[in-house]
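Shown next, in structure tokens, is the structure this report addresses.
Chain nomenclature is as follows: A, B, C and D, assigned in order of appearance, with residue numbering initiated at 1 for each chain independently.
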Amino acid sequence: MVATSRATRQYLYSKDKELLLQRMRKIEGQARGIHRMIEDDRYCPEIIQQLTALSHAADEVSLLLLQDHIQGCVAEAIRGEHGEPMIRELMGVIRRAARR
Amino acid sequence: MVATSRATRQYLYSKDKELLLQRMRKIEGQARGIHRMIEDDRYCPEIIQQLTALSHAADEVSLLLLQDHIQGCVAEAIRGEHGEPMIRELMGVIRRAARR
Amino acid sequence: MVATSRATRQYLYSKDKELLLQRMRKIEGQARGIHRMIEDDRYCPEIIQQLTALSHAADEVSLLLLQDHIQGCVAEAIRGEHGEPMIRELMGVIRRAARR
Amino acid sequence: MVATSRATRQYLYSKDKELLLQRMRKIEGQARGIHRMIEDDRYCPEIIQQLTALSHAADEVSLLLLQDHIQGCVAEAIRGEHGEPMIRELMGVIRRAARR
């Protein structure tokens, strides 16, 4: 893990923060809805479709955070001429998110 | 959508139903935890890692439901010699879940 | 691995066989084209876009073969009342293809 | 598309170039091998496994190129204080590669 100045992150974050929190509340609601579908013995393909939507929604939040991260911490590290460890960490994040 | 006998589904379902409900409650908890991480301005790569875990957990529930569906509705349709529309629907489910 | 009658597979296969062979020749050509792009020092995002297209094309062939497999071997096994090992194998194939 | 100095790219590229070319030749060989498996009516799950391996290999080349791109063009743009359009383009590349 690379040390980063919290202040910088907070600044970038804040512009999207309410949007990100909203999306997480929506995902929580989707999980609750799918729980109910399983309780009600709903048709499997319908439930799988909702799980796919939930999974996409989570990936979308990841992409927004990734963009914030690159515009914030990674760009700052590159400008400070210590970008290499940050880029290595970034590649790890992308690789795990891409499930490779 | 293909009509299926609810009774068959319910039978297959029930053996895994409590497990599936548990997993959905866990995913709901993960969503709440990530909401809190964003509120607390946690480091982006840490949040992305948790989102990746949530997304994997949802995909895992999809795979369990897909197996139930194939062992139940799809197998029943094939034995009843009307498997073709069911297999076409199944391929649509797999294709969407695979994001292609 | 589950033993299957080659005859059945061949029958199902044959309707799509020329299409599948064509697609594999196209993928081979895409690989050659990307090799050339790298030799020519083309812009990374352009090369990545072509690699993404190649990867999608391979996944598309997988989905066609998966459908053939379910309509052929899996359906035959289910009708013969020995579907369970075949469905377990099928889930393994789907799981690996989905990279989970 | 963002204009970039070809010289910088070439420099970064060259360290991995032979590796990348080797991998593309291997992928071309994999495509040829799968073509032969289809001709020979091999068992679908075996062919799908090889297609999955080919698809992974292509994604691996994408990740190597993505790293080169971030260390080269993106870092250079950020240091030159015109990182924003480059980061937007980068997010598009990641998004398409992640199939979202």
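As a convention for this text, contacts are C-beta pairs under 8 Å (C-beta built on N, C-alpha and C of every residue); 3 or more make two chains touch, one makes a residue touch a chain.
Being a predicted model, the structure only gives us computed values, none of them experimental.
**Student:** Same or different, please, for the chain B to chain C contact, judged on whether over half of the interface numbers appear on both copies.
**Tutor:** same
**Student:** As a test of understanding: of all chains, whose mean C-alpha position lies farthest from that of chain B?
**Tutor:** Relative to chain B, the chain whose C-alpha centre sits farthest away is D.
**Student:** In angstrom, rounded to a whole number, how far apart do the mean CA points of chain B and chain C lie?
**Tutor:** 23
**Student:** I'd like to verify one number: the distance from the centre of chain C to the centre of chain D, where each centre is the average of its C-alpha atoms, in whole angstrom.
**Tutor:** Spacing between the chain centres: roughly 20 Å.
**Student:** Averaged over CA atoms, how far is the centre of chain B from the centre of chain D? Could you give it in whole Å?
**Tutor:** Computed from C-alpha means, the inter-chain centre distance equals 30 Å.
**Student:** Spell out, as numbers or ranges, the residues of chain D touching 2 or more other chains.
**Tutor:** In chain D, 56, 59, 66, 90, 97, 99-100 touch at least two other chains.
**Student:** Which residues of chain D touch chain C in their complex?
**Tutor:** 1, 4, 6, 9-10, 13, 17, 20-21, 24-25, 27-28, 31-32, 34-35, 38-39, 41, 43-45, 47-49, 51-52, 54-56, 58-59, 61-62, 65-66, 68-69, 72-73, 89-90, 92-93, 96-97, 99
**Student:** Quick check: in the complex, which residue numbers of chain C touch chain B?
**Tutor:** Interface residues on the chain C side: 56, 59-60, 63, 66-67, 70-71, 75, 78-79, 83-84, 87, 90-91, 94-95, 97-98, 100.
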